[in-house]
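Both complexes shown next keep chain A, but they swap its partner, so chain B is in the first and chain C is in the second.
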Partner chain A sequence: MDEGRARRRGVSPRLWLAGGWLLLALLAAIFAPLVAPQDPLAQDLMLERLPPFWMNGAEPGYWLGTDSLGRDLLSRLIFGGRIAFIVAFSAAVAACLVGSTLGLIAGYFGGWADRIISRVVDVWMAFPPVLFAILLVAVLGTGLSSVILAIAIIDWTRFCRVIRAETMGQSRMDYVENARIAGYGRIGIMLREVLPNVVPSIVALLSLEMGIAVIVEAILSFVNLSISTDDPTWGGIIAEGRLSIHQAWWVLVFPLITLILTVLSFSQFGEALKTRFDPVLR
Partner chain B sequence: MSACLDIRDLSAVLPNGQRVLRSVSLSVQPGEVRALVGESGAGKTMIGKAVLGVLPSSVRIVEGDMLLEGEDLGKLQPKARRTLIGARTALIPQDPLTALNPSRRIGSQMTDRLVRILGWSGEKADTRIRQLLDEVQIRDPDRVLKSYPHELSGGMRQRVLIAAAFAAEPRLIVADEPTTALDVTVQKQILRLIVQLQREHGTAILFVTHDLGVVAKISQRVSVLYAGKVVEEADTAALFAAPQHPYTRALMAATPRYTDPFASLKPVDEAVLAGLASEIAAADQAWRRPHG
Partner chain C sequence: MLLQRFLIRLLTMLITLFGVAVVVFVVIRVAPGDPIAMMLPPGATDADIARLRALYGLDKTIVQQFFIWLSGVARGDFGTSISLRQDVLGLVFNRLPATLELAIVALVMAVAIGGTTAIIGARERGTAVEAGIDIASGAALSIPDFLWGLVLILLFGVLVPIFDISGRVSPQLDLPFVTQFYLFESLLRLRLDLTWDLLKHMLMPAVALALPLAAIISQLLKQSLKEVLDLDYVVLARVKGFSETQVILREALKNAALPTLTLVGVQFTFLIGGTVIVERLFSYEGLGNMAIDAVINRDLPLIQGIVLVFALLFVLINLSVDMMYALLNPRLRHG
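Take a look at the complex of A and B:
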């Protein structure tokens, strides 16, 4: 039994792969000026639409080729990762704080607090999220902070709904009743007894939400509603790549792969973390 | 000497006006084991929850008093009531798995209460907890204290909860079917432990069960509950020697005996149930009249 536990406590391949990719992408983004082979904004019409390194006509130093303005694709992806990760972390954390807090309150206290919060969530979720995001950015104005704010404003409901349901389940457990009999205060019970039991779900959702934020940011960039057009973003690169799909497929395909890998990794990483955090599954 | 727990004419209703407790009166003397017996849905758990102040929000007490060591719980402010209940009572629950917090180690759960609610020092609490674990015959306290609840067997968990219940020296323990969730071989050990600790600590116990065999073994007095109404109350020996109420007799007849396990397994008699129904209807009517 101890051996089995030790194995389960060890890092699963899922955690390795997802975490590895995320770490790689994150480090590349942080140290972008050091690791990017080229200036991501430098245009050179002599070098336009260079293919990736294994194809005929590739240039050394331009590993994934260049776009129709002759800008290095790999460097643009690396720099685009900066905005992706900033948005992912800030928006997910903001959505998580708001949503989890309200979900905990609604689930634990029930009654009118729950009725109000649940009604707001229902109304909120009636809006199609992407349309909602576009609308919000149109109102808030483009820019990094508006994008972050828009994603948080839309997606706190995801945390709220899940955490409310989990908290309700936990609150019905006898250990909560036992704590009340012993004389603990309501808020103390919520924070000390119930919260630790919903943390695994919060962690999983947080990671998932980071992936979703990456997608939403990409969509907003794609429709040109995100950050200033100069800084490369994954969505922006995809939008440009779509225009030259017949001449240079790589400008579309590589950012798509990057995006999908990142989003998948976030969700897998979250699931793997959840099982590690959960004392019963662990 | 005043009773440890004195419940007088306690009635509680559901939102639809239906009574779940029907003028229940019941007292537990200091140091005695009072059994509360009745079939499923009779309201045994409800009485325990009323005493401990954790009734579900849909259930409302509409009448009656509960005195804990002479203090009228209904007359106390909520905070004072919580403090009193927390200091004088404890619960040994039915399901030892859900009664422990799955994400906290046993040790921290057990000491936490002594430290944070009663203000003991961590060292004193730890010593106390180890002493209690020894009393419930847990031989490897270090391992148990470090464990999470799911790492222990059901019997071990219930031992832990018994130790926790006695740790703060409550005057009254409510034991709500504490052996139902355990397998038969463990049930006996747990019962024996509860009785042993109860004697050593002089704690009064309100022992909820649907098992007359258990009643006979451990209690001094017994109340028989049906549909939220106490239909009979007696010394345990007297009850078994000469049950007065037809329902009590039927319940005894329905309890399997080792000598003839199959013959005695019969449901409660139709006529008895009909009699009970009219008895309860009459009681409800008599109760409704003055209460509008």
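Take a look at the complex of A and C:
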């Protein structure tokens, strides 16, 4: 108990930093047309490969410089955030719903349900996830919904495995037995008694999964398989930056920093939420 | 007991592989694009297309196609790559050694980095050193291999260009190798100049793959070491006058390592899965890089072959870790 409380207090500044960055990035993405200093698609070969604002040769209004087609990097990052957050939220929620439901069923009912679900999870775990994602998007056709669907199809197992194990543990507890003696039905016990106790893990995984989804989307657009090539995406900017790394390092550095901060924030946020939601630690 | 456990695992392994084969076969045949149409030059007649479809067996039903392919696989015939027009198995075996070398070098690094930091952290428990190790491993774990690869490219490819950022070996070199295991063969032939060139190419992708795994090993092993260090027999060793480092290395480590071993097995498969994008990032000529090209070219036989080989690798690793655990764990050995 004491350790839990101490940890919760210790986590707070990190929660604020992580939450602060995510809120900032999210607001920038939502209000992208208002906050982006330039049109993210406007090409101007007179302005190609401008350096960021503190270097010689920088142009006012192009704070983080431009890429090899003269497009404003900051504006492209802000608009790229839209895709990143849409994918993060929808893919993570979809994977969570499927995976948690199956995990709850497998863990609570056991028997054949558990055997079948666990076997499917085994098969899924035998796929290299990145290759599976690339394959699915190639099959489904590039586009926002394909990317979301592909990530959900691959990553539901993350939820399923953890929730199954937790549900199994919870099902052996006295309170579940008491509820059964009190005459509650099995589905009623699963939803009313077991589910609330695995919610902290679900919430933590959900936040973690959002970070993973952002990375997978970046990887897919890096290999040019995400959404249409016109719209700026973080992975697309990174692919561009990787090519012009010796001429314009900033095209790689800024999207990389953005991605790292976002992924770290999602995982820290998840950890902090877990301790906050945990009924035992609370 | 051990044999029974092994046979059950072998059976589930075969079921898993069959499942993988079914999933990948169904998935890629839902694909709307026609791979045959992409192979032929514009102006090909319908008869040409039909002939090629028959040649690749694409005119049969999906169930028939699956069993034709599966019986081929059972005989070691994975079909012919559509885009490269070569035997799939030959292509895969040509590229697999490069990926295996990369994965093994990364694994060795992960164990070395993770093990060292865990031992230091356990020895310096409760100090700022341990706190520093915790923060570093937390960051290493949260950032995936793809991003580590990019960070390394920037740091050691551009800022301080000491390593090569693309390819497996310098193209101008004359290679005397008869196998595709360049790194191991260069060591055996004592061609250390070639070893160094290969390592210069391999180091950054290997570190990118190793860092998340190193972090997991570090955290878990440190935790087990700290638990073991409070046990009576370790306290006794300390009373006997062994230094803390000796106590950890001689007494605590062998008992603390077992839980870590199981985890390393599963995590090693994640590491191998990571080679797909990391090889792409560093233009490293391995299996993963070829897999991405195969997907982009809609090369169905090649995709199937590569995915199945990856799956086989994963289940074999899990199987061997499981067996190793059973052999090393006294409770299971005698149970």
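Going forward, the second predicted complex is superposed on the first by the 271 of 282 C-alpha atoms of A that agree within 3 Å, B and C clash if a C-alpha of one lies under 4 Å from a C-alpha of the other, contacts with A are read in each partner's own complex, and residues count from 1 in each chain.
Just so it is clear, contacts are C-beta pairs under 8 Å (C-beta built on N, C-alpha and C of every residue); 3 or more make two chains touch, one makes a residue touch a chain.
Predicted model only: the values in this text are computed from it and were never measured.
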**OP:** Once the two structures are overlaid on chain A, check if chain B and chain C clash or fit side by side.
**Re:** fit
Original post:
Between chain B (first) and chain C (second), which does A:Val223 come into contact with in this model arrangement: first, second, both, or neither?
Top reply: second
Original post:
Put simply, what angle do chain B and chain C open at chain A, by C-alpha centres, to the nearest 10°?
Top reply: 90
**OP:** Have a look at where A:Ile215 lands relative to chain B and chain C in the superposition and call it first, second, both or neither.
**Re:** second
Original post:
So, does A:Ile245 touch the first partner chain B, the second partner chain C, both, or neither?
Top reply: second
**OP:** Once the structures are superposed on A, label A:Arg180 by its partner contacts, choosing first (chain B), second (chain C), both or neither.
**Re:** first
**OP:** With both structures superposed, pick whichever of chain B and chain C touches the larger number of chain A residues.
**Re:** C
Original post:
After superposition on the shared chain, which partner residues are touched by A:Val123: those of chain B (first), chain C (second), both, or neither?
Top reply: second
**OP:** Tell me which partner A:Pro196 touches in the superposition: chain B (first), chain C (second), both or neither.
**Re:** first
Subject >> After superposition on chain A, the shortest CA separation from chain B to chain C (Å) >> reply: 17
Subject >> Common interface positions of chain A, toward chain B and toward chain C >> reply: none
Subject >> chain A partner contacts - residues on chain C that touch it in the complex >> reply: 12, 15-17, 19-20, 23-24, 27-28, 30-32, 139, 142-144, 146-147, 150-151, 153-154, 157-158, 165, 269, 272-277, 280-281, 288, 291-292, 295-296, 298, 303, 306-307, 310-311, 314-315
Subject >> In the complex with chain B, residue positions of chain A that touch it >> reply: 110-111, 173-175, 177-178, 180-184, 193, 196-197, 199, 279-280
Original post:
Any idea which chain B residues touch chain A in the complex?
Top reply: 52-54, 57, 82-83, 85-87, 89-91, 93-95, 98-104, 113, 116-117, 148, 150
Original post:
Taking the complex as given, what residues does chain A use to touch chain C?
Top reply: 119-120, 122-123, 125-132, 134-136, 138-139, 141, 211-212, 215, 218-219, 222-223, 225, 238, 242, 245-246, 249, 252-253, 256, 259-260, 263-264, 267-268
